[in-house]
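Paired with chain B in one complex and with chain C in the other, chain A is shared by the two complexes that follow.
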Partner chain A sequence: MYSRVAGEEGKSSIMYDSSPNSYHGMAHLGTCCSGTGTIHLALHKPTDTMVVVKKFYIDDRTPEDYNLVEREIIVTRQLQHPNVLPYLATFVSGHSVCVVSPPMGFGSCQDLIEEHFPVGLPEVAVAFILKDVLQGLEYIHKRGFVHRAIKASHILISSMGQACLSGMRYACEIVKNGRWQKNIYCFPSSTANNLKWLSPELLLQDLHGYNEKSDIYSLGITICELANGVAPFTGVPATLMLTEKVRGRAPHIIDCKLPKHAEHENTNDGDAGSSNSTLAAIGESILEHFSSRKFSESFHSITVQCLHRDPSNRPSTSQLSSHPFFKQCRKSDETVVDIFKSVPKIGRRDVDSAGDYGVAMSAEQLANLDLQSCHWDF
Partner chain B sequence: MDNRIAICDPDEDEVNNELFGDIEPVTWVNDDTNYDLDEINMAFHRVDSHQIIYEEKKKKCKLIGKYVMGDLLGEGSYGKVKEMLDSDTLCRRAVKILKKKKLRRIPNGEINVQREIQLLRTLKHKNVIDLVDVLYNDEKEKMYLVMEFCVGGLQDMLESMPHKKFPLWQGHGYFCQLIDGLEYLHSKGIVHKDIKPGNLLLTLDGTLKISDLGVAEALDMFAKDDTCTTGQGSPAFQPPEIANGCETFAGFKVDIWSSGVTLYNITTGEYPFEGDNIYKLYENIGKGEYTIPAEVEDPLKSLLQGMLQKDIDKRFTLQQIRQHPWTICRPPKTLEEVPIPPLRGDEWHTMTVLPYLMEHHYGVDNDPTYYTEHQLNEERKLQEMDRTSGEQKNACNSHYNKHITNHGKRRWRKPTSCISVKKFPSCKPS
Partner chain C sequence: MPLFGKSQKSPAEVVKALKEAVNALERGDKKVEKAQEDVSKNLVHIKNMLYGTAESEPQADIVVAQLAQELYNSNLLLLLVQNLGRIDFEGKKDVAQVFNNILRRQIGTRSPTVEYICTKPEILFTLMSGYEHQDIALNCGTMLRECARYEALAKIMIYSDDFYNFFRYVEVSTFDIASDAFSTFKELLTRHKILSAEFLEVNYDKVFSHYQRLLNSENYVTRRQSLKLLGELLLDRHNFSVMTRYISNPDNLKLMMNMLKEKSRNIQFEAFHVFKVFVANPNKPKPILDILLRNQEKLIEFLTRFHTDRSEDEQFNDEKAYLIKQIKELKSVHEN
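On to the complex of A and B.
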């Protein structure tokens, strides 16, 4: 089972095979999918290129977890776009299902915020990232999917500064029985981690249903997350988050225009603005930083448009792409790579320095050798 | 005494209503409890309906485990079904609330419930209702079966339409899902025994869910065939072998017959067998003679005939149904889809937990709303008028009006499970 690399950096001719023996190294980078999988950096020996291998240990997982993994692979393999993370190969190794994807040098936007930009990304960086994400999302919508999990942790940045969407396991088909549905109604399962980003109409689960405009709302929440360094409704009980969204209280990006009194509002007085729900999770020094910075008018307006309570009033992906907010991308001298230059990239040295971990991984692989490994072909 | 305000909640079921049966419990607001009984004139007073004042029930947020309680969705044979919201995942749920006290009064009540729980726990299929959680409240002797949320059932949809039937393409969609779910149940060795439109529910996205496994039977793992001995399903959907009182019968073929009656019903708006009472009905079923309306054309007609075969051996199997030309070929979408009827006037079936959450988080609307018995009566009259005028209209417009005029026949179409709860006031010596 061979596959072609989509897009990035002139590698399009490389074929990745699905033999576990072709991959070496396996430096541990972290976990993914709320602990279901582990991420490893690996060397594809036949071509001497770096790849990322996601390992899902299936045996001790619930059928729901397993279905999510299966679904993610099936959906992702159907898509091919420079701004959607591809799976280059999938195979079974021992008790694990492994998927191979290109290394995304800067990791996810959530990691970037957490480790390097606690007060949020600079406006121009958000513009660059958002521009790529919109391309990817437009493609996903055109292919008949609602993503349903747009959030910073599902936006990955390559070492060339290109943003890619991942997290297709929560996606839902718009086409049913060969018909393009005007609305869809199914509530995503295992979605507890994504609730903060979901649109009010999706959360309401009634006969109004929702459509791809639901992703635009999630994009609005993601913009706030990227700009503020923390996702709106962090630390807010899920039920309060629901009523806030239903009442049409949209979060916003926080700068000097933030009304002063908002900081001292009482959360019980029925006017518990969602800005508060963001502020609750933010420290004093960061608040000071917020009140000293200023975002552009178009940045504020694109956020407000995305977070419109009525989905029909939200712009589509193509309408958003021509928003004046993205003018700064052309004017800017900086690129995403310049902005992130202080951020250490994931690279070859991670494999070399894998040390004991690498040994441990090979030991594990040896232990699994006697088990017959079967190929997961579909 | 005349100025008392009665708080009466049509929904509340907490108060001991052992004595009064279905009379609504009443508590008095400004009751001093220590009235001297001798001083009170024990004669009946006539009170004007304007003077009986009710206070509307406050939307008080109530938690059962991690679930927030919502409004009533319907009444099952064992008790109330209410809406709930999972406060972690924000997923809508339905909950069947069962009371031990009530269960004990129903023959096999507790055993049937335990069996249903055990059965549902082992089942997982797109077209079979999913039991999500079971909670117990030992103090109140209540049991909560948390299920997948469904917006409506086929029976309610049929009843909302003048012709009491679906367009062929819509009925076909439901029938195929019924067969999928039934095939799964049978593969697990389970005979449902009560397939009927009333037990076929729909989720928001239109997925059919076979529900109410209260009288279902799980065959012994080592049983050599599907022989059953007891039938407790709804009379109009029973096959001839049960109507004739056979001691044993093939279980799977019972479900096939009931599905046949269901298909007959949802595509024609009529029933193959009717009777003024259960004896006449069973007599008619027992003979196995029925007519298929003239407008039913051939592939469907032969499918119905195959499923409604009096002779068990000639009756179709699920495989034959699957391979039947009518099942394979989806009819064209010609007529408008029958929608899910509104719940208490709400066509969108909005989350009923929402007002409770609003009250909980914002404490809005603290002023109680009052209304009088008189207003309530007026409203009831209006509703009654609406309904009767609607029925008259139906009767005029439809050539199926014999359903509406003949009330005797209609009785047997109601879901009359033998183990349904009857609210009889229990007599106690005073």
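On to the complex of A and C.
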């Protein structure tokens, strides 16, 4: 079902309408966009199908925040690819803007890591996921956007095991004033949550600018995040992180080769604290697990290629798609669904109370009771 | 540019091929799939000639000039816009990109495509009616906003009867389409100050009776965006006479006073910025003055309690203090 809805035959999405009354809120799943939005599992009553409704409460938002929400929705609505999360319907309900998406059964890769894979996903799972992400990203680049926020939390996995990219909120258009820009200089308006993933050239904000290869760097960071279970530079101060990135000191996926890597880095560089940007956030027992596992050569090489300091030396999405790392997808007996079989999927059983909408409303009303009580004399 | 295997087509050839393909698509005969494919292929071809790609530079000016000339002579722009709904999803966006690039073309200070469209206003009307159709609304919006940058084209659009359809488009239930239509609507009313001031003055009654409906819309976003735009329009010095007329009507004042105490804080705040113009007016007509006087005490108390948490917004607090002072002083004027 997901591939049909999210896929190229997106015309079937017409069945989701823009009437708030067609959707019955079932369960609160979480928040998104730094707290601007809440995510709900909902029932689309006319078709009796489960959907996910993202709800942006916009009344207390600044015009800039509102514009971000509006832009993300308009941009996303003009994308149609099996590996890009679609917005099937959009509408206004009360003081909120709502968007409807197909439910992504396994949630985001960040959720998966946090709740079920604290030491990272198995290599073959990363391969499957990355393969899908590259398809989606290639499409996004072709359509003239730099995504600028590739990270585990923006990669969602459907219950069929298909990966979809979301997070177009931060995307930037490559085409400007009727030209395909070779370099972009515009800095994303909100970066605080994405700093760890952003490329050195984007963070530098200098005259060289950046281009879609910046996403490839973020992809490299995301590979480390998926493999290690924690994003590189976690717990590292922003300025130190920037220095590290600009110097070309790339994080890596950690396996039994780790001690060698770490030593190498320490001898190369005097500052003690800056050695391996990932290790600071990892406990002893996990380190032990890391030193007992071994990733393939091609896994190491694809990570290194993505994280090349010089953007022109990073491969493009289509070049990456033919990387030997993905050979294992063909050979593997397991699918993503097999690997995640122990993970509970989001579904009808998650249904709790539908009360959350009502509560939010009354709090909102209370706040303004004071002003509403006034009666004008006309 | 080895993108399509064989050697490159000339502008005349590619325009001819595209036109034939769109015609076939329009006829809807058996070979629709083939036509669809040809349309997509030739659109991408033209797009890459104009924009270049990550790997290739755009074509030389002379080639682009030939291409533009072929597009005008063949009437292809209109044909593409008329058949937009028949073109596939990605092709629709390519049409918009080709259109927008050709529109920006300049020879010295002249914009030949703008001149061309002035002679073919059907292009604009077809684009405007695109908001009626979900599947092409956003594509048409992209092209319309690009057109609205040119005064000559904006003029054709706002003075057409079709312009009033925007009051319907900005309120449709699909959020992205309504928002997009609102951006276009706003662009048309704010981009060319003198043009829109004249338009609003001449068509005051018709425009504002329509506008009233937006301010009373059941759709929160429509209400909020139209109120904000109203504030911007009234406070623009080009629209002085429109503003004077608006703030002389007691019904408008009543509406704003009611909006001041709406549930939505955002709407309260935007209403404040329109309400302040009524109070600051040094020559208040009697009906306006009467309403303010009748509610003098209440207004002072209300404004004192109004958005007290915006302590860091200096301009707002100054304006609020000024309004309270003005309203307090109304009394003495009355008594004397």
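As a convention for this text, the second predicted complex is superposed on the first by the 322 of 378 C-alpha atoms of A that agree within 3 Å, B and C clash if a C-alpha of one lies under 4 Å from a C-alpha of the other, contacts with A are read in each partner's own complex, and residues count from 1 in each chain.
Here is the rule we use: a contact is a pair of C-beta atoms (placed from the backbone, for glycine too) under 8 Å apart; a residue touches a chain by one contact, two chains touch by 3 or more.
If you're wondering where the values come from, they're calculated on a predicted model, not measured in any experiment.
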item	value
Chain B versus chain C as contact partner of A:V304, first or second or both or neither	neither
Which superposed partner A:C256 touches (first chain B, second chain C, both, neither)	neither
Contacts of A:F91 with chain B and chain C, given as first, second, both or neither	second
First, second, both or neither for A:M15, with chain B first and chain C second	neither
Chain B versus chain C as contact partner of A:F187, first or second or both or neither	first
Partner chain(s) touched by A:T239 [first = chain B, second = chain C, both, neither]	first
When both partners are placed on the shared chain, which of chain B and chain C touches more of chain A	C
Partner chain(s) touched by A:D60 [first = chain B, second = chain C, both, neither]	second
Partner chain(s) touched by A:L203 [first = chain B, second = chain C, both, neither]	first
Contacts of A:M160 with chain B and chain C, given as first, second, both or neither	neither
Those residues of chain A which chain B touches in one complex and chain C touches in the other	63
For the chain B and chain A complex, residues of the former touching the latter	68, 85, 87-92, 124, 149, 151, 203-206, 340, 347-351, 354, 357-358, 360-364
Chain A residues within the chain C interface of the complex	10, 14, 18-19, 58-61, 63, 70, 73-74, 77-78, 80, 87, 89-92, 94-95, 97-99, 141, 143, 175, 177-180, 211-212, 316, 364-365, 367-368, 370-372, 374-378
Residues on chain C engaged by chain A in the complex (per definition of touch)	50-54, 58, 89-90, 93, 97, 100-101, 104, 134, 138-139, 172-176, 178-180, 219-222, 228, 254, 257-258, 260-266, 268, 291, 294-295, 298, 301-302, 305-306
Residues on chain A engaged by chain B in the complex (per definition of touch)	63, 184-187, 191-192, 195, 203-209, 237-240, 242-243, 246, 268, 270, 272
